[in-house]
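Scrolling down, you'll hit the structures one after another.
The two complexes that follow have subunit A in common; it is paired with subunit B in the first and with subunit C in the second.
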Partner chain A sequence: MNVAIDVNAREDVPAWLAYGTPVFTVLAALAVSAVALQLLDVNPLAAYATMFVETLTTEFGLTETLVKAVPLILTGLAVYLPLKAGLFNIGAEGQLIAGALAGTWVGLNVSLPGLALVPLMFAAAAVAGAVWAGIPAWLRAKWDVNEIITSLLLTFVALEIQSYLLRGPMQGGTGNFPQSARFSDAATIPELASGVHAGLLVAVAMVVVTYVMMNKTRLGFEITFVGSNHEAAQQAGMSRFKVYLLVFVVGGAFAAMGGISEIAGAQGRYRAAFEPGYGFTAIPIALLGRNSAIKVLLAGLFFAVLFVGGSSMEVAFGVPAALVEIIQALVILFLITAEFFKNYRVSLDFDRGPSGAAVEPQGGDD
Partner chain B sequence: MVSFLAGLLDATVQAATVLLLAGLGELISERAGVLNLGVEGMMLVGALGGFIVTVVTGSYWLGFAAGIVLGMLLALVHAFLCITLKSNQVISGVMLTLLGTGITTFFGSAWVEESIDGFPQIAIPFLVDIPVVGEAFFRSTATDYLALFMVVVVWYFLNHSNLGLEMISVGEDPEMADTMGVSVFRLRYLAVLIGGGFAGAAGAHLSLAFSQLWVPGMTAGRGWIAVALVIFAQWRPRRMLVGAYLFGLLDALQLRSQSLSLTLGPDAPLASLVNPVVEFLMTPQIMGTYPYLATIVVLAYAVIRTKSDRLAVPSALLQSYSRETD
Partner chain C sequence: MSENTTLRMEGILKEFPGVVANDHVDLSVERGEIHGLLGENGAGKSTLMKILYGLYSQDAGDVYFQGERLDLDSPQDAIDAGIGMVHQHFMLIPRLTVAENVVLGEREPATVFRDDAGEESWLPASIRNNGLVQSLAGTFSLGLDVPEQRIQELADRYGFDIDVSAKIWELDVGQQQRVEILKALYRDVDLLILDEPTAVLTPTEAERLFESLERLTDEGLSIIFITHKLKEVDAVVDRVTVLREGKNVGTAEVSSVTRADLAEMMVGREVLFEIDREAVDLGEPVLRASGVSAEDDRGIEALSGVDLTVRQGEVVGIAGVSGNGQKELAEVMAGIRDPTAGELVVSGTDITGAKPKRFVENGVSFVPEDRLRYGCAKDLSVMHNATMKDFDGAAFGDRGFLDYGKLEDYAETLVDEFDVRGVRDVTETDAGDLSGGNLQKLILAREIYRNPDLLVANQPTRGVDVGAIEFIRETLLEQRKEGTGIILLSEDLDEIFDLSDRILVVYEGEFVHETTPAEADRERIGLEMTGGSGDESASDPTASPAEVTQESES
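Let's turn to the complex of A and B:
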């Protein structure tokens, strides 16, 4: 008997598949990660109960989630926006750091009342992040130099500069630690409610701005058009150069605001390891929420829950919080696997004749 | 000065081997048209796996082999996603780095306390007595020699073997290769798996020969430098040898720059102007940016200069291939 696997492109995606995919991928990632927990002799159900139930039902868990969500949402937007124009910004981490450094410098060296100082810190951060993102954007827009590689490499440049500044010119506080001096009260982002700083408002505002820009303005239309077919867009009189530069520069500014929010809102000073790579987590966030800025917000909140829950799990069970990284990676790996089944219909075909016209992506493999 | 130079060269060789192994693997994968940004994760998996096997069995060669196998295992996921499922290579690669980092941190914490003897150093008679360079180049671990040998192997494989030439054709023009009867899928799988094996070997060398211990995240961005190195080398094995030693030298200089005095004497003209600049440029962290900046410059220069089509980037890099024509 002749058994063949047929793979055909789907005409349209059934609704259950479209809406079920994110849920399915998250559940699959949790299921596989449960094996990892079991291998370290930890009961996965108990660990997940700590991770999610405790985070979502205690005041501490909820405030921490909102605080962590601020940089995650903002860096998520920094990846999301270029993605809409068909570009890959995997350097949001570097833009976050560049912005955080510039904003911190202003916060430590300029004396103004808080109402003026905090916005000035955000502005300085945004400019630095925009410049940092502008380099790969310009190289891509002008010369077609691959923005994926350059934005990534600039992240490592930013990390080295951060290390230089915190051990040299910007080093402060007691001891010889790689950290800056503490912020004054004026340079600290005020709290909205107990434990939640006003950076959350900035993040939500930027989500709204992005949403309106993408869905209600001509600019958003141009970005989407260039993203889907830049040659046709250019024939329609749109400027690919302008769009490429814009999505990156605005994205970089978003990531930078995420950086300074975390430092001036949650940390109180710049520490060398003040964040666990939010700019890299931004990639799964943007991929999970790539259909709209609102979904980026939701994905950011979800990953914030993971981060907070991961820390509680580490304390309660003594297992490394690195499980969170495994879950994040698996969510996206399952997501891109699911994309395939969303776009192609796979079916088993028995007794297929030699004249079967089905498409075999495995080609001459078998 | 002589001992400084000898020490510097020794550290350069050690740093270069890691980059060379990982870079050669990435080069093969990219020449076949598959970008692998999971190198860092594959190196970490190889480093931890190799370390555990060496601690348990006492054999560093078994550990080295385990590192290669584990690197290939993670690469298999990349191959399946990018080649069979035609997923985005960038997404898959970045996520595999994240996965490799997560897995090794999660399972590796128990092994941080262990220590091993690691690969012994082999001295080549007579050559080792050459002043300055002898100790650095001719008293090394077997894996250092292996990495150098691999440059020749990869160069020969890609330029003079049928399989290698087919592999390059798959990375340049998969449709044409398919028409000529070359199996695009099989060769891309092979290239990605070889690449993963090299990355795993680089990681195993790192934990077994270079530092002889395991620390989470011990690759410290070397996988990304390897990706940069491939561009810097313009996808050519021999240039990669030069690039790996250049980047290795920068790495070695970073740790020693403080003891190196390149500043002008206080009476020299312009000393007050030049010296602060030199001192700044020789700061270890600032030197740490050079490999990345150099790669950006080389990449930009190559792209801009070769608008006239001389860039060596494989034409079908990042493109998944399917036989569907409609």
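Let's turn to the complex of A and C:
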């Protein structure tokens, strides 16, 4: 039998498809994960009810989700912004750590009233994150050194420095754990409502800043242009150097704010293993939200639900942590695949006459 | 239909979303003829040929070749049936030899297994010729010792002057194209499709190609020659089929139609070939470049101390064979390549070595040769592309903020005034969705609407259809009345002659000849372009109204 697959770009994406895709794909990913749950003798429906319904309806679930969303949104922006300029910031994790360390140092060693100390901590963190991101950016802008590799490797440098500081100069508290001393009240980010700290406001503010920058300013125009074709952009008088440096530095500052928010808002002290790789989760967040800063916000919230719901399910059903990660990974894979189906129409034909796979839409007829 | 017909395409229909690329097209080609396929960009020529070569499948219609109906699912099917294609962009591997490139994809088994290996193989012929052994060897062994001799014979037979053991990177473009043709011939094709073969060639190389083609048809090959240059139709084609908007508007014997007829068939209206050039008074110099040298991307000197002065309202045409420093010259003048020596003064300001932004601010506009690489961002909207040089201006917002509504209005103005077609919505349509001609119009619009002092236009009409060429040339002439000085770099001598006030010939990074269209001698220019005169004193400096340096050869 002769089977032909035709893949054609869609002219217009129907509205039901554009808005329905995320819903369908999440459902599809959950359906596949259900098989694994069933094999572990867990009722998938009950498990999912815990994972989503409980998370989104209980006060505890919502609070946790919003708290987790803060670093996810901020690191998401740290990847999103360079992505707009055509660069991959794989090192948001390192920038987050660098910022958290610098902010923590200020929080522990400077004594000021809370209204001044917390902003100072954020500023110190932002500077450290900016510097940490500035290194790969400068290397890329000046010498064309691949930013993917340098930003990633600098993450490991940051991790080693963290581990040295927490076992040495910054070690504090009782016992000999790799952690800092507790923050004073002045150094703790105040709560907005029960359990939700004001870092959420910072995250939302940064989303707004990024949105305005990308959509309302000349700088955003330049970033978009350099990201699309930097050679044409240079010909038009734009500076690739400036754009590359700027998106990374600003991105690094965002990631760093995410780090200090988590420490000074949620944790109360710097522990060596204080976070589950927000800076890496930021990559799928930025990819899903690559069309707009608002979508980064939504993607960040969604991943926060997955994190929080995943651990509730783990506790309630004794499901291995690995399975929770599998569910999260499946959701990401399905979402990314769905992007393709949203933009292309695929049709299967059986036993047609003369046929082949016409993959390209009409190119320029030169 | 005569018995001599070798290819018949009947009622070919191919639709892409929103476009009918081929609307029931018929085409028949006779044995031993060169059949021209003429049409504007987007007329459906390439689509039709891609169907014939198995790259696309048609939605309706049939292809008959040498009496049989063909089902083409891939280029391999087409080649097996005896149809070969030479693409506009060569598909050669520079580091391999001619022979290796020719056999590429047509894998030869290792020598020991080859049925014509004779004494070279230690395997007895009986085993070697066994069908099973042959098919296993064909699949699992690889003969790197290339049958050079066979290929050399083939080349000699058709008068191709090529050393088959040379590496591809050592060959010039014309020779590389002959290698592409050899690739097809080696596969025993009876029909050869050439997709705009002269687009990359110099006039002399094109002449040689035409001779080779005649030779091929004498041997009984049929050739389909895709082009949008009417001159070439006259030069080599026997019969011509014209496509317009996906439809066949007619097939004719070339001897029985005039160029004007063909142009009208192509465009659907009358086309002017003669452009009225009103005299314009030349003003102050807008560009004074002296002793400018520059290196190419590999760091080799490509421009050796040239002097160039362009005055208000003057078009300086720069003729030359591609790769003689034109690209570097254009880029230096437009500010995107730093000169290694010399100085540039634009409208009285010395901006040697300044950033591209200063050139833009000083009224320098640039139409780059490579539209998609330097001229636009193809994944961004028409609006982004129309405003990429002006978005920074005060007209589009306060300080750092940008008023996108105004950008949109500006882009719409350009699209309307410069007749850029295929734009549904300036914010929705991407630059890459426009056809070559319309994209070029958009780029030209952007560069001209800012009323520049100096416009550097490198190959402004290359790969653009007849209708757009006419428009672009008229626009350039119109703009010179506004006092813009224009540097026009083109490999099309007719264009240089039609538009220029002054002609400079560039050869190996130096100006070797200067003349005016009125006094110019085409043969002389052709000779100078290829370094053929060799006699520096032969050039005539008295013909020059402005300064030009005759560099002595070092």
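Convention: the second predicted complex is superposed on the first by the 301 of 366 C-alpha atoms of A that agree within 3 Å, B and C clash if a C-alpha of one lies under 4 Å from a C-alpha of the other, contacts with A are read in each partner's own complex, and residues count from 1 in each chain.
The rule we apply is simple: contacts are C-beta pairs under 8 Å (C-beta built on N, C-alpha and C of every residue); 3 or more make two chains touch, one makes a residue touch a chain.
Predicted, not measured: the structure shown is a model, and the values here were computed from it.
Asks: Can A:S239 be said to touch subunit B (first), subunit C (second), both, or neither?
Replies: second
Asks: Which partner does A:S111 contact after superposing on A: first (subunit B), second (subunit C), both, neither?
Replies: In the superposition, A:S111 touches no partner, neither subunit B nor subunit C.
Asks: In the three-chain superposition, say which chain, subunit B or subunit C, touches more residues of subunit A.
Replies: Touching more of subunit A: B.
Asks: Who does A:S194 touch here: subunit B (first), subunit C (second), both, or neither?
Replies: Neither partner.
Asks: On the A-aligned overlay, A:F225 touches which partner chain: subunit B = first, subunit C = second, or both, or neither?
Replies: In the superposition, A:F225 touches subunit C alone.
Asks: Quick one: is A:T174 in contact with subunit B, with subunit C, with both, or with neither? Answer first, second, both or neither.
Replies: Neither partner.
Asks: If you stack the two complexes on chain A, which partner ends up touching A:L323: first (subunit B), second (subunit C), both, or neither?
Replies: After superposing on A, A:L323 lies in contact with subunit B but is clear of subunit C.
Asks: Touching A:F156, do we find subunit B (first), subunit C (second), both, or neither?
Replies: First partner only.
Asks: Subunit A residues touched by both subunit B and subunit C?
Replies: 9, 361-365.
Asks: Okay, in this complex, where on subunit C does subunit A touch?
Replies: 16-19, 21, 41-47, 54, 56-58, 71-74, 88, 196, 334, 336, 355-361, 366, 368, 373-380, 384, 388-389, 391-392, 396-397, 400-402, 404, 435-436, 463
Asks: Applying the document's contact rule, which stretches of subunit A touch subunit B when the two form their complex?
Replies: Touch residues, subunit A against subunit B: 9, 36, 39-40, 88, 90, 139, 143-146, 148-150, 152-154, 156-157, 160-161, 163-164, 167-168, 280, 283-284, 287, 319-320, 322-330, 332-333, 336-337, 339-340, 359-365.
Asks: Under the stated contact criterion, what part of subunit A meets subunit C in this complex?
Replies: 8-11, 215-221, 224-225, 228-229, 231-239, 353-356, 358, 361-366
Asks: Flag every residue of subunit B that touches subunit A in the complex, lowest number first.
Replies: Residue list for subunit B touching subunit A: 77, 81, 84-88, 90-92, 94-96, 98-99, 101-103, 105-107, 109, 178, 181, 183-186, 216, 221, 224, 227-228, 231, 283, 285-286, 288-289, 292-293, 295-296, 299-300, 303-304, 322-324.
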